[in-house]
Structures are given as C-alpha cells and as structure tokens.
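First the structure, which I've put down as structure tokens, then a few questions once you've had a look.
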Amino acid sequence: MTHPEATEITPKVDLPGWPDTKTGQKKDTLTGRRTAIGEWLAESSLFTISLISILALGLIMLFLLMEGAPTFSFVSIRDFVLGHFWYPTDEPPDFGILPLILGSVSVTLISSLIAVPSGVMTAIYLSEIAPPKVAEVLKPAIELLASLPSVVIGFFGMVAVAPLMQEVFDIPTGLNLFTASIMLAFMSIPTICTISEDALRSVPITYREASLALGATPFETISKVTVPAALSGITTAIILGMSRAIGETMVVLMIAGGAAMMPESIFDPIRPMPASIAAEMGEAPFRGDHYHALFATGITLFLFTILFNVLAMSASRRFRLKG
Amino acid sequence: MTFSISKHILSGRRGTAQKIWFTLFRLAAGINVLALFAVIAFIISKGFSAISWEFLSEMPRNSMTEGGILPCILGTVCLALGALAVAFPVGVGTAIYLNEYASQGKMVGLIRFAISNLAGVPSVVFGLFGLAFFCTVLNLGVSLVSGALTLGVMSLPVIIGASEEALKAVPNTYREASLGLGASKWQTICRVVVPSALPGILTGSILALGRAAGETAPIMFTGAVFFTPDLPSSVFDEVMALPYHIYVLATAGTHIGETRHLQYGTALVLIALVLGMNLFAIVIRSRLRNRNRV
Amino acid sequence: MTKNAENTHDTILQTRDLSLFYGDFQALHEISLPFAERQVTALIGPSGCGKSSFLRCLNRMNDLTAGTRSEGEVVFEGKNILEKKIDVVSLRRHIGMVFQKPNPFPKSIYDNVAYGLVVNGIKNRSVVAARVEKSLKQAALWEEVKDRLNKPALGLSGGQQQRLCIARALAVEPEILLMDEPASALDPIATQKIEELVLELKERYTIIIVTHNMQQAARVSDTTAFFYMGKLVEVGDTNTLFTNPVKKETEDYITGRFG
Amino acid sequence: MTKNAENTHDTILQTRDLSLFYGDFQALHEISLPFAERQVTALIGPSGCGKSSFLRCLNRMNDLTAGTRSEGEVVFEGKNILEKKIDVVSLRRHIGMVFQKPNPFPKSIYDNVAYGLVVNGIKNRSVVAARVEKSLKQAALWEEVKDRLNKPALGLSGGQQQRLCIARALAVEPEILLMDEPASALDPIATQKIEELVLELKERYTIIIVTHNMQQAARVSDTTAFFYMGKLVEVGDTNTLFTNPVKKETEDYITGRFG
Amino acid sequence: GRLVIKGSTTVLPITQKISEAYMAANPEVKISLSGGGSGNGIKAVIDQTSDIGNSSRFIKGKEVKLAVEKGVLPVPHRIALDCIVPVAHPGNPVTNLTLDQLKQIYLGKITNWKEVGGSDMKIVVISRDSSSGTFDAWKSLVMKKERVTPRALTQPSNGGLVTQVATTKGAIAYIALGYLNDEVKALDVNGVKGSAETTLNGRYPISRPLFMFTNGWPKGETLSFINFILSQKGQGLVEEAGSIPLY
C-alpha cells in the first residue's frame, strides 16, 4: 500500500510524461500523493460498502428483537417455548410454539435422513466415479434442481406427490410430515451435494493416486481416503443443508398440513415455524400480541439457523485443523 | 487434470463390494436428476396448454379465472431487477474489499461472519425483517421497493460469494504483473482483476437474479398482492408476482379446481423464467471465458 | 556402488513399442525399453519430455487420467499388462510407486504404512504391526518415528514424509518401485538420505527413478535412459552414457546446453 | 559475451543486511549484495533457498504477501526503498519484473504492452503506439506479432508469451529488470531466444536473473551469487565462481552433489 | 380513483363480481383485491392498508381496542348473509350430522366415520386458519367456544377446503355457501339442508352475516362502492356469487 507521504524517485530515462532527465525538470504529474489519496479513497469506500453486510445482519437481529421481545410481556419465555398449544386468536389466546418447534425439527430431521445419503452419494458419484463428460451434464442438472423456486416444489408436492402418497401408503391425507420431508429433501440435496462435491474435489489427487498405487480399489480409496479427507467439507454441507431445510417456507406451508400438533407419526400433519409465520402474518394486526408472537417465532427460527451456521463453521474449522 | 476411475476392471469380492456401492452412487445421482426432470416434465406437460400469447400479455379477468398473467410477469421482473440493483453494487464492492484489500483482521472476520449468517437466514425471516424495517420504519409500505429491498438483502450473500470466488480465481500472477508495471492497486483491480473476474461475477449475479425471482416468502408481506388491476406504475405500488400468484391460486383462490390450468401455466412461466436465467448465465460464462481465448 | 552391465541381470519388465496419447496429443512414441531385475534405472530428459507419462504407464496409473490411450505392450510376468482384462489393483501391488511430492494421507504415521496392508485384506493386527515396523526400518525412518507412530503423518518434515511414502509403498512388498523425482522437493540432506535408501533398496527391489538432476542419476543408477520430446533417444549403462553419449541431443542435455 | 570485473561498473542497487521474515520464519539472513549497472547478475541456489524471496524484495513485491517483514536496507538512487514512505507504485516503474511463468493479461497483444504506459497516465495514442512497437522490437517479438497486435495474447506460444512479458516490462522503461527463472517453463529453442535477449538487453538495462540452470547462469551472467538456506554463501565474477568456487557448498551445488 | 379491498375469502367471490361490474360502470376506478381471511381484512382496516376490509365475522373487542388506540374507527356494513355448510367427500355415504356430532368431530373425540353412521374410515378433520371468519363462526355456533383439535389440518381459504375435501376420502370441512359445488358433498345439519331459504327462515343453525369494514363512515369512492353493493343490482350479484342477499 502506498504511503500518503510517498517520496518520488526521479527516473533516468526519457519518456513522454516522465520527468525530463536531461534538464532535471520534473514533468511527472503522477505525484505519489495524488495516487495515494485516490487509493485511500477507493479502499475506504469499499470498506464502507462491505460494512453493509454487518449492518444488514444487525438490523435483522435488531428488528426481530424489537418486534419479538414484547411477546414476553404477555407470555413467559418458558410458556412460549414449551407451551403445547398454539391458539393465537382465541380468547384467551395460547402462544405455545412447542408444536411448531417440534414440527420444524421433525421435518428437518426426516428430510435430512433422505437428503444426506442421497446428496453425499451423488456428490461422490459426480466427483469420483462419473466420467468427466457425464459429470459435466449432471452437475448443472443438480444446480438447476437448486434453482427451482420453492413455490413450484411446494405446488408440485401438493398436486402430484401428496395424492400419490395418499394412494401408495393408504393414509387419510397426503399433506403430512412425510410428504413435506421428501419435498424438503429435494430442496436441500443440491446444497449438500454441491458443497460435498467441492470438498471431495479439493482432496488432492495425490491422495487418490497414492492409495490406488498401493493396490486399493477405487471404492476403498473413496471410503478410506477421499471421504475421510473431505469430511470437514461434507459435515459443513450437511449442516448447511439442514439449515436450508429448517428455514424453508413455501414447501412446508403448502404440504405439511398445517396442524399445530405434536407429531406422533410420520404421517401426521404438522405446522413448522416458517409455515405458521407465513400463514398468519397477514392477519396479525400490526403490533398486536399475535404479531409480536410471530416475530418471536421468527427469532426462534433465526436462532436455529444461527446455531446451524456456527456449527457448520466450527465443523469446517475443526476438521481442517486435524487434517 | 481431469481424474476418472471409470476405466477400472476388478475381480473378486472387493470387486463385488465396489460394484454394489457404485451402483448405489449412480442410483442416488440418477434419482436426483430424475426428480428435476419429473418436476419440469410435469409442469410442462400440464402447463403447456395454458400458454398462449393472450396468457402472457393480458390482465387476469373474471376473478382471475380467465385472462393472462402479464402483471405477475412484470412484477416479478421488476422485483428481481430491483433486488439486483440493490445487491450488485454492494455485493461486488464487498467481494472486492474482502478479496483484494483485507483478508484478515477482526473487522473482516466480523464481515465474513455476518455474510455467512446472512446466507443462512430463512427467507421468511427476511420477510419479517422487510415488513418491520422497510414497510414500517422506512414507511415504504407494501410496495415494489420494499419487496425489492428485501430480496436485495437476501441476494447479497449470494452475489458476494460468487464474486469472491470469481476474484479468487484470477491468477495472482495477473496482479503481480500489473503491480510490477507500476500500476496502482486500484488500477490493477479496475483494469485487470475485475475484467478477468467478470464472467464469474455476472454468472453469479444472474443466478442470484433467478433466485430472487423465484422467492415467495420474502415478498408475501412486503411487496406482493393477490390482485391489482394496474400494471406497476411507480415503485411505491404493490405488485403481483409469479411465485405468489401460484401460491394464492393454488391455496387461497376462489376456484382452485377450475383454475388448475392457470396454476400450471403460471408455474411453467416461472420455471421458464428462472431456468432461462440460469441457462443465460451459463451461456454468458462460456462466452466471456472464450472471448480472450484463441 | 556397483554397476554391472545390464545383461547380467534378468529382465523383469519390458515395454515394446509403447505409445501414449492424451486425446490427440502423442506424448510417447514407440518406446521399447527393458528393465533389469534388482537394478536402478534412471529416466532423464528435459521438462515435458514424457518421463512421468512413461513411468505412469508401467503401473497403469495413466488409466486415471481421462482421455489417455496407449498402444504397444508392457510385459510383466509374461503378460501384457496394458490389456483390459488385467486386474490393475493387484498389478499395483506388485509395482509400487513413489511420487514427486511427498503425499502421506492425513492419517497417523502407523495408519499410513498399514493402509496398503489393510486394504489388501490383512486383518491380523500383529502381522500388520510387524510389517509396519519392517517397512519403516527399510525406509530408514523407524528410529525417527517409533515413539510417535500415532501422530499425524503431516507433522513430519518433507524428507521424513517422503521416506514414509517409501515405507508405505514397501509395506505391500512390491517387486518393482517406480519413483517420480522423489527428491526434487527435498533439501540436500533429505535428498542424500533418499539416494542412500535407493542404493540400499536395490538389493531387494527393482527401481525405476525419474530425475531431473543428472548428478543424481549418475550417483544412483545402473542404467540411464534419456528421453526427449516423447522419444527414447538413448539408453545404456549409466557410466557410459554420461561419459560417452552416442547422440548429439544426449550430449547437449547432459552438458546443460538446454533443459 | 563480454565479462567485465564487477568493479568497473557503477553500483545501481544495493542491499545491506537484508533479512526477510514470513511470519516467524526467517527466509533471508542479512544479505548484503551490490548490483552493477548494465550487467547481468545471476542468483543461483537450490529450491527454497530464498532466491525468489530476495528478488521480490528488490521491488517490494513481497509487500503483497501477507505476514512478510523485512529488516536492513535496499538502496536505490540513494534512498532506502524499504522505507514506508517510498511510493512503491513509482518504484516498480523503475524496477521491472518478469516472472517464472509467462503471465500476459487476458487482453490483446497490443493492450498488454501498452498497459504499463496507460496506467502511468500516458494518453497520447501515437506515443503509446510508438513505445509498443519499440518494446516489442527490443524483445525480439515484433516480426512475429506485428500483424496480429489485436489478437489475444494468450494465443501466443509459451516462449512468445514470455517475450511479450519482457516487452511489457520494457515499455515503461525501467532501469532494472528482475527476472525469476524466466525460461524454466520454456522449451530449448525458446530458452535460447530468451538468453540471447538478456545479453542484448544488458546494453541498456541492469538485469538480475534467478535461474536453476547453472549452465544458463554461466552463459548469460557477469556476476553470480549463490544462495543457500536463506544466506548468501558466495558472490563473484561468474567465470571465477564456476571454475574456482571458494566455499564447499558452492562447489557441491555447482557440481550437482545436491539440488 | 383507487380502492384497496382485502380480507374474507367468503366475501371474496362477491367482491370480485361486484368489482368487475363496478369497474365496468366506472372505468376510471381501479380496485385491488386480496383474500387471506377475515382477520386480514380487519387488520388491514386497523393498519389502514386498505379502504375496505371484508369480514365474515363481527369485529372482536380486542380489535376494536387496538383500532381505537391507533385512531381508527372501524365501521361495519352488513352486505350479505351466508350459511356455513359442512362438506365431505362425494363418495362418503354420510348425509347428515347433528350439531353435537360436528362438535365431537372437531374436538377430536369422534375420529371414525363409523361412529356417525358411515363406513370404517378415519375422519380427516380440516379446518381454517385462525384468520378465518368462518372458523370464528364455526367456533361459536358449533364448538360453543371450545377449541378445535390441534390435529386438524388447516387451509388458508374456503377454496383450499374445497380442493382438499374433493381429493381426500375421509375428509370433513366447513365452507361458505358460495363455495359449494359438486366436487364436494354438502351434509345436512340436524336434518336441515343449508340454503338461502333455510337461512332466511332461521331453521339452519350455522348462519351469519357478512361485513365490509371501513375506517370511519365511508366517503367518496368507498361510499359509492358500498352503496352499489347494497343496491338492487348489487344484491343480485351477491346471489349470483352464491351467497344470500340481504333482501
């Protein structure tokens, strides 16, 4: 970086625009000072711009808190988080979001049970097994899967998958935890798959060569060398995939059934937190109890995703250190 | 170097284990790709008949059971472009700062922490934030700007990530060569680094645009309405948007059964728009990449 | 350092008219080269002449590079190992490899050496432990690591890592050891250790070593082959080749006129 | 090829007790080395001995690497250029650099050469065009590219790209040219061209060249400095150093005992 | 002029019909419409985000309090009558339920159709979101203020209920009269069929008025719009939309 009080060095060779060396006269208009000020300006404005991200996150937290905190003037944190009943518009109302939390947690877990093996295995296939030409075609396809709007997945789940589930499993309704989990899995698979694939690809080829040269089969190389070496990235991928699933709104809003009950079976309808917020925000009068309670639900949801994010970061750090 | 093990021939028990596992791997990949095609094929087959010039160019009529979805298309395009207008300069600026100026330090750590957490914030929480901040505190109301700003904040981490990756991919030798010629840092960034990273930055931005276009939850309370008779004429108007339109037609319409074909049609238009943008991004990427090649 | 004429030793491995293509690019042109048992053969030549490509044909490592195609034969134990039906996994147990950059796995020292045994189905713990110790001793590393076998291998110095990689390769008891510039990333002392090791190992193993350091080739090898632009220009007894090269290119190269 | 004794030339650049640290690791130990004007100085030594690190101190390129810290002085035109207040941007106009791998910008040939002029504020088109032509001629590239100045530079061969990089460096008329293994990625013919170029350029420029090829050092340089483990072991007239090295390490290195 | 109308999905079909007619007669007027349920309509009036808030229930005390705090005076306009009809899948043999059976079903006490004379099939209870005025009316008229089971699936609109019941064999739901079609089967309550006639003569037990709320007494465009609904022509359109006109 240029120092503001930079001194100049007189060049010895003649060049238009350079100081004239024969006369010793300075023609160089490019004083260090001017450049230095320009550079300083550029850097500090870029720095200021990059603070916007902090500002944005700060504002999000601030406003969630500001609008959510008043909830705890009419319901204790304990009753809010552990209460079994969500009847926000009854007289008197009940603001217990435990069923919503359990809905979110269960749908996230079950969708991970589907998405993790499927996503990681796909990543292994793409990075380790598929011929380059095939991988070149399949990779963008997985990325396209990620770009399908969630409302379309929700819509597809509602009109195509839910009736199918109802038939196949002979259950009263297709709008339930299980169907939502399946559709949610397809939303998190691309996340899990692409990050895992990156992690696998960044494992040096020399590891694979060393293993194969020792007479290990390709599968042994994958399971004993490549995957362990990429474990940090894969773990991060899984956590971020779960984070994506817990925050996804439209899919659960459209296919989870919307019953604010404690799920007992995978075919029970549920009402995860994002679905509740999306469904009820429209009716909750501005700064009424219901409105505040929905923001408090937002805080809970936000805390879950922050938790996932911190876990993901520490996972990638921890494993990297070990590696 | 591309690495491939597809040529291996194996015998024995270890070979069988490998065969079984590899089949599973292939199956997993196949199912995921199939899922993509299932969704697309389903929407196309059901929605294709609804698509007509009238559908794309007219206002909805007769309680939204007839007519077109022009206002939704326009609304979505405006929302997405607005989001990009917000997120692009900030995102690229942040990426340049992080990659070119500061890679360490407390503040940078904080910025990175903020970005990665921002990336994880659920879309519905962005909606809540937009409602509380843009609509209420900034008093922008439920409007195109509020929606676009909300989507913009949401797209920020995507654009920063893509831009940073693109900047990282610029070989250090370019920077060294430029600085070695007596270019200042800012000149190096403007003339060498950013132009080389541009394909990646643009691709990332278009992908972010596509993502913003497809989002529902953030605009539900901040910018989108069920029905408005006007095309958006000012940024303070409420707009109709494709994703929200699909949602309301499919769950809250007055004639859900009768309007199924419109729902499929709208979904098809949305998918075409979003996937089209993705394809466009891929094309731009390869175009710009090849521009400097032989 | 004993240097015998090549013909007093049996030929253990032999290439016949071996050509290699990367897509359309022909990296090797009809190379016929026999390798004598329990001898060190050095492959020398300027950067990009195809030394590594050739070496990687000998244990079919080139299979891993997309778009490669080979012609001709590589004969080992009476079979052409380039044939499709060859089980490359067991082939590579017989023909081990050490790479340019030390590449231990991100595992413990012990697990690195044991790896080849474990994947080859040796489960008996004491057998594995005995082999690990033996290999580390052969690789002249035992004394330095015996107290820290469960420490990560990546904590070793570059030279130690490379010897660990040699130990790892020796553990599966190959007959032939391929080495691609095994000392080029190492400091002088580590280099010397590796060179001593090579001379010791040739009592039991056949060694084919790629090097860009001609003095190294002269020091460790019995036979030297000079490659240039994908062709085998000259091969012969190391002493003769360095003192009396037949071809102009060889002379130009070993006198440092290019490369 | 004329080789004059060092003291017949003025010293244009000089390091005094220069030390360099990467974090805690000391890469250079108190190096004092003068460079004679319009002479070629070669820096040789085994991999990792600090040649590149040293070269990059001379135009403060090390500033770009996070965690570097230097001690001592580098004197150029009577000033210690390691001082904070030095304007590195203008310094680098005076001390140009050519890198190991050819690194033209992904722009046209013309734009590559013109780049240094443009960023230094020369806007007059005809002046720029004249300088571009002159530099390309100096770099012995003009004949090969004059009909395709607007074609992408990345379409040139490796050797042409490297000469283009030299032309690019020459365009801003530096007094000193630093070259870090400029021919190591090139084929013999391209290498020869670069060597010839270096000999021509020293008529007008002071050249400091890092090379791992001792024959190259012998061919092109007037003075040679031998580095080993971050220390300057020996420096002297090239002929003398190669025929009569004073230090044991130097002899070991130039006779190929290690490296 | 421009009118923003939000709220009840029960009132939505009426409003759509009326708006189209009104805009046809007054081309300079643009009306923007959205549903979401009665809660949304009343909220929109309180938050002053719309000119008219549709509601299929009367405003609650809490809402009035909130409105007054914000300086808003919600004024109700009764624009139509409606009855709430329990519906089941067309394949369901059950044709009649008593009010008490309905209550037990929605309390989650009766869980199988065979308990109410149907086939052996689990009852899939479908209800409305809490924003619904229909839900509110159901709660007071059927549930007698007791809570609907949390196991009930929820749908955001009358339309959503119709689609769900049409595709779910064991389903039961309750919808506004205007949404009744042949995809679903209307169930009699206490032996009475829900219709305009039984509502007007008071025999059908689950009926209620429909409202439009405004902030203060309507003026200008809002006033003429409401007047239009209450006119003969407007009430005719109410009937066309499937609801029950006031006269």
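Each chain gets a letter, A, B, C, D and E, in the order it is written, and its residues are counted from 1.
As a working rule, a contact is a pair of C-beta atoms (placed from the backbone, for glycine too) under 8 Å apart; a residue touches a chain by one contact, two chains touch by 3 or more.
The chain list, named the UniProt way, goes like this: A = Phosphate transport system permease protein; B = Phosphate transport system permease protein PstA; C, D = Phosphate import ATP-binding protein PstB.
Remember, it's a predicted structure, so these values are computed and weren't measured experimentally.
What chain lies farthest away from chain D once each centre is taken as the mean of the Cα atoms?
Centre of mass proxy via C-alpha means gives E as farthest from chain D.
As a test of whether you follow the contact definition, which chain pair has the most C-beta contact pairs?
Answer by contact count: the chains A-B.
If I average the CA coordinates per chain, which chain comes out farthest from chain B?
The most remote chain is C.
At what distance in angstrom does the C-alpha mean of chain C lie from that of chain A?
Taking the mean C-alpha position of each chain, the two centres sit 46 Å apart.
Mind checking the centre-to-centre distance between chain C and chain D? Centres are C-alpha means, answer in whole Å.
36
So the centre of each chain is just the mean of its C-alpha atoms; given that, what is the distance between chain A and chain E in Å?
39
Which whole number of Å gives the spacing of the CA centres of chain B and chain C?
50
Hunt down the residues of chain C that sit against at least two other chains at once, touch-wise.
Residues 64, 66, 89.
Multi-chain contacts in chain A: which residues touch at least two other chains?
Residues 1-2, 35, 131-132, 208, 212, 217, 220, 282, 286 of chain A touch two or more partner chains.
Touching two or more other chains, which residues of chain E qualify?
Chain E, residues with two or more chain partners: 36, 155-156.
What residues of chain D sit close enough to touch chain B in their complex?
My answer: residues 59, 61, 64, 66, 89-90, 92-93, 96-97, 99, 101, 103-107, 115-116, 118-120, 151-152, 154-155, 165, 168-169, 171-172.
Could you pull out which chain E residues touch chain B in their complex?
Contact set of chain E toward chain B: 9, 12-13, 16-17, 20, 23, 30-36, 49, 155-160, 162-163, 166, 179, 181, 183.
Mind listing the chain B positions that touch chain E in their complex?
Residues 62-64, 141-142, 225-230, 238, 248, 251-257 of chain B touch chain E in their complex.
Quick one: in the complex, what on chain C touches chain D?
The contact residues of chain C facing chain D are 46-48, 184-185, 187-188, 191-192, 213-216, 255-259.
In the complex of these two chains, what residues of chain A are touching chain E?
My answer: residues 85-91, 99, 163, 166, 172-173, 175, 257-261, 268-269, 271, 279-280, 282-286, 288.
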